[in-house]
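Structures are listed in the sections that come next.
Each of the next two complexes has chain A plus one other chain: chain B in the first, chain C in the second.
So, the complex of A and B:
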């Protein structure tokens, strides 16, 4: 049995969970390739115009897996609990893919906690569909859950270590499916590194802690993925030099939340970068380069002030 | 023999070149249309600048480029500094107006606002994917009215009662303008209305949420339009400073930056006979199909860009295969 994982959207959040679960059940896994122009073009072809860039990319990845596996995994996520909802796209992907592609075989699970559909229940149902027993699936799920938590913790720890670095640190506040996408976020983080900056990723922060701190920016926001990201700003405020809000056109939740961040968090230089399928690389580089120039100037000024203080003390 | 520094600002519409001496004094400057051909524009501008200076007296020690074609022209001239427009404009303006707090910059396709505190840039914004509130908005409307964009400002000043135009978007502004003309609004009122539209568009779009503090300096090609200056003064209730060289600030800034970089290698201005050529092709080596641009100086590959991975790294041979 071969399960296909589209390398888009929730893949970046649940990679370890999915891979461990299916391996434990004795399934083979194939993952679609890193996003490239062809995947994007296919995705555009199989999406409506109004879809957001990441969901077009998602459709391209699904398309690339058709015929290469027995099932393609597409979860259906609605809510993680009261006031913890997600963008409707995560609810819709199963149906969109099912209605767009004729010969597609989808394996799905749903998370809709408000309706009693919890993650564990969904995974056990999937196991059943693959012909595995309740206990076999339950054990696989528990193992997978542990592996995902461990991996998250490890990444979070690694990032905490580099936060002590003296390099210019820029917090990337963006959904992981944008940040780590080979075509959208990756060239941007690479460009930051090339200019001597250190990207810090908001999505690697401990999610429970950041959910808690997100209330300082808004206590009425109900998009959980966005809450997890904005909490990171509050948690790291004193350790970073600037904030990059990286958004894909035309993301609904981000368009509201980014305005909120700009208004409510004024401590640090912040830039809002919107990427679309037209890929204007030159404009992007101008924005990032000048943003980093501004931060560098600020750091230099701070340095000069500190030096003055030291000299003053010496004279005294 | 004195040392001099060259700055070139190659924008979408116009190309600006400047030579400064050790004291940031402008000793030669030139402003021409890019006309979609940055390489030729730069050749021409260098040719013009050479005629303005005595080459026995001045030696060009370093070169800087800025503007949207900065990379291409930077490779062409072997520039020491290739800098983004925001930083270049801020540095240039600060050298003329050290006290400036806000810079309005409206160019052909870009418009920016730069906020300065204590002599350093603290914030900026650029227009997003929209031409509303830029120079090209004005020039396309001028064409529709059968006028030259350079006459616009003077005509706008004669208006007693500027028309109110729906200026959220160039497309709607155009239909609204036609409508106003059809119901009998005077030409000068419509033109003054357009200048006002550029200003309100700029402040709502680019200047959104920014603290605009005086002194305000206005620059870029559109700053030559007195109608727009007047509209800015009306809306902000502040004096708007426009330098006689306001269109050269980017070039000046990057010339100063190249002076600071102090590479101090002799630079040859004799480029008019060199054949520069760009060849663009699709890589086809992987599904990314990167659009690679190779830049040749007399058949020698001197730079390339657009490539995403090692696979497509262009070599001398690429030229023959492409």
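So, the complex of A and C:
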């Protein structure tokens, strides 16, 4: 049995969980290629033109997997509990793919904690559909969950070490499916690195902690993915030099949340970058370059002030 | 300080809402925001985030105009998709603009009678809880009556013998609705206007063109937002049906599973906010033999964009034309009118063709 994983959207959040689970069940896995122009073009062709960029890319990935595997995994996510919902786009991916493509074989599970559909239940159902027993799927799920937690912890530990460095640190507040996408986010982080900056990823922060801290920026926010991101701003506020809000056109939750961040968190220099499918690289690079120049100037100024104070003390 | 309460517009529902607030807060003043004009939208757009959906801009414009008129308590109800998060951002934007006011948010989690009563107490109502419930029920009934009248008018206004007869009655009705204080008065009003409406002479052919409108609730219910699309259609002698009303939304939570079940050919899961309804109603309209469907939404409305692939499939399966509109602050009226006219011509020709086939 071959399971296809589209390398878009929730893949970046659940990569280890999915891969371990299906491996434990004895399934083969194929992952779609990194996003490229062809995938994007296919995605645009098969989606409504007003959909957001990541969802178009997602459709491209799904299309590229058709015919190459027995099942394509598309989860449906609604809520992780009270006041912890997700963007409604995640509610509909299953039905959109099902209605857009003919002869597509989708493997789906649903997370809707408010309606009693927990993740574990969904995975066990999925296991049953693949012809595995209840216990086999349960054990596989538990193992996968552990592996995912371990990998998350490792990544956040690695990032914590990096935070001690002296380079200019820029917090990238953006959904993982934008940050790590080969076509949208990756060139930006690479460019920052090239200019001598250090990108810090908001989505790698310990999720439980950031969920709690998110209340300090917004008390009525109910999108869990956005909560985790804005919590990271509060957690790292003193350790970073600037914030890059990276979002895709026309992302619903980000359109409101980023506005709030810009209005509320005035301590650090912030830039709001909106990417769409017609992106030219030059314009983006200029913006990032000038943003980093501004931060560098701020840092230099601070250093000069510090130097002055030290000199004064010496004289005294 | 005297409290002046205000709230944003949506269609004609400002009448029952204003009546309710006036009954609840007898010691305070209640003003509805000034009617939506181009200025409202311009004000709202100026201070809104870039690609937020257009109801946000209308609401914000309403608030600014209400604040200019002296309001100092603003009410926003939330729930559903992005709409649930409007309140916090709008409050922040208005505060940054320098207005002094209190913002009352009725969030989804607090949408039970006790919480709402507590909120009202905070603003300052002198009513007891049973009385409060009584007035809320009265308002719900008012909305129900209003919706039933409006849906009758919508289906028949294109065929009235004497121009403007429906509109005059509707205006009178809304004016009288403002002075209702009890169920008995409301019943009387209902009987009176029901007779009046039924008396209006209409000339409706049996095979008239029928169009159903589905889509996002705000752009459906606020005629200014959809450039009076229903009126435009009625002028071309078309019977217009729409199901998304406040009455429907209020009972929706009870029949959500049923809706999903009847749309199971296209949907396995609920696709968020009103998307599920759009698909279900679209399928229903196609099965009922309507001549066309118009789907309207604000630009970037995620639930409705979710519903569009299914609607396109319905259009293919049932061979029914669907016209998609999306509205933003920049949409031009001429563009909409041209598209609407072309659509109308097309379904008219289709109908002619079908009749010719039958004759042969």
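Operating definition for what follows: the second predicted complex is superposed on the first by the 316 of 316 C-alpha atoms of A that agree within 3 Å, B and C clash if a C-alpha of one lies under 4 Å from a C-alpha of the other, contacts with A are read in each partner's own complex, and residues count from 1 in each chain.
Criterion: a contact is a pair of C-beta atoms (placed from the backbone, for glycine too) under 8 Å apart; a residue touches a chain by one contact, two chains touch by 3 or more.
Everything numeric in this text was worked out from a predicted model, so none of it was measured.
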| item | value |
| --- | --- |
| Combined model on chain A where chain B meets chain C, clash or fit | fit |
| Partner chain(s) touched by A:133 [first = chain B, second = chain C, both, neither] | neither |
| Chain B versus chain C as contact partner of A:297, first or second or both or neither | first |
| Contacts of A:306 with chain B and chain C, given as first, second, both or neither | neither |
| Geometry of the superposed three-chain model: angle at chain A (Cα centres of chain B and chain C, steps of 10 degrees) | 80 |
| Chain B versus chain C as contact partner of A:274, first or second or both or neither | both |
| Chain B versus chain C as contact partner of A:37, first or second or both or neither | first |
| Partner chain(s) touched by A:157 [first = chain B, second = chain C, both, neither] | neither |
| Contacts of A:264 with chain B and chain C, given as first, second, both or neither | second |
| Partner chain(s) touched by A:165 [first = chain B, second = chain C, both, neither] | neither |
| Comparing the two partners chain B and chain C, which touches a greater set of residues in chain A | C |
| Superposition-derived minimum Cα distance between chain C and chain B (Å) | 6 |
| Contact residues common to both interfaces of chain A (with chain B and with chain C) | 263, 274 |
| Residue ranges of chain A touching chain B (in the complex, touch as defined) | 33, 36-39, 187, 262-263, 269, 274, 276, 278, 280-283, 285-287, 289-290, 293-294, 297-298, 301 |
| Contact set on chain C toward chain A in their complex | 49-53, 78, 81-82, 84-89, 92-93, 96, 105, 107, 109, 266-273, 275, 299-300, 302-303, 305-306, 308-310, 312-313, 326 |
| Residues of chain A defined as touching chain C within the complex | 47-48, 50-52, 76, 78, 82-83, 87-89, 91-92, 94-96, 98-100, 108, 110, 218-223, 249-253, 255-260, 263-264, 274 |
| In the complex with chain A, residue positions of chain B that touch it | 68, 71, 83-87, 118, 120-124, 126, 128-129, 209, 286-290, 306, 308 |
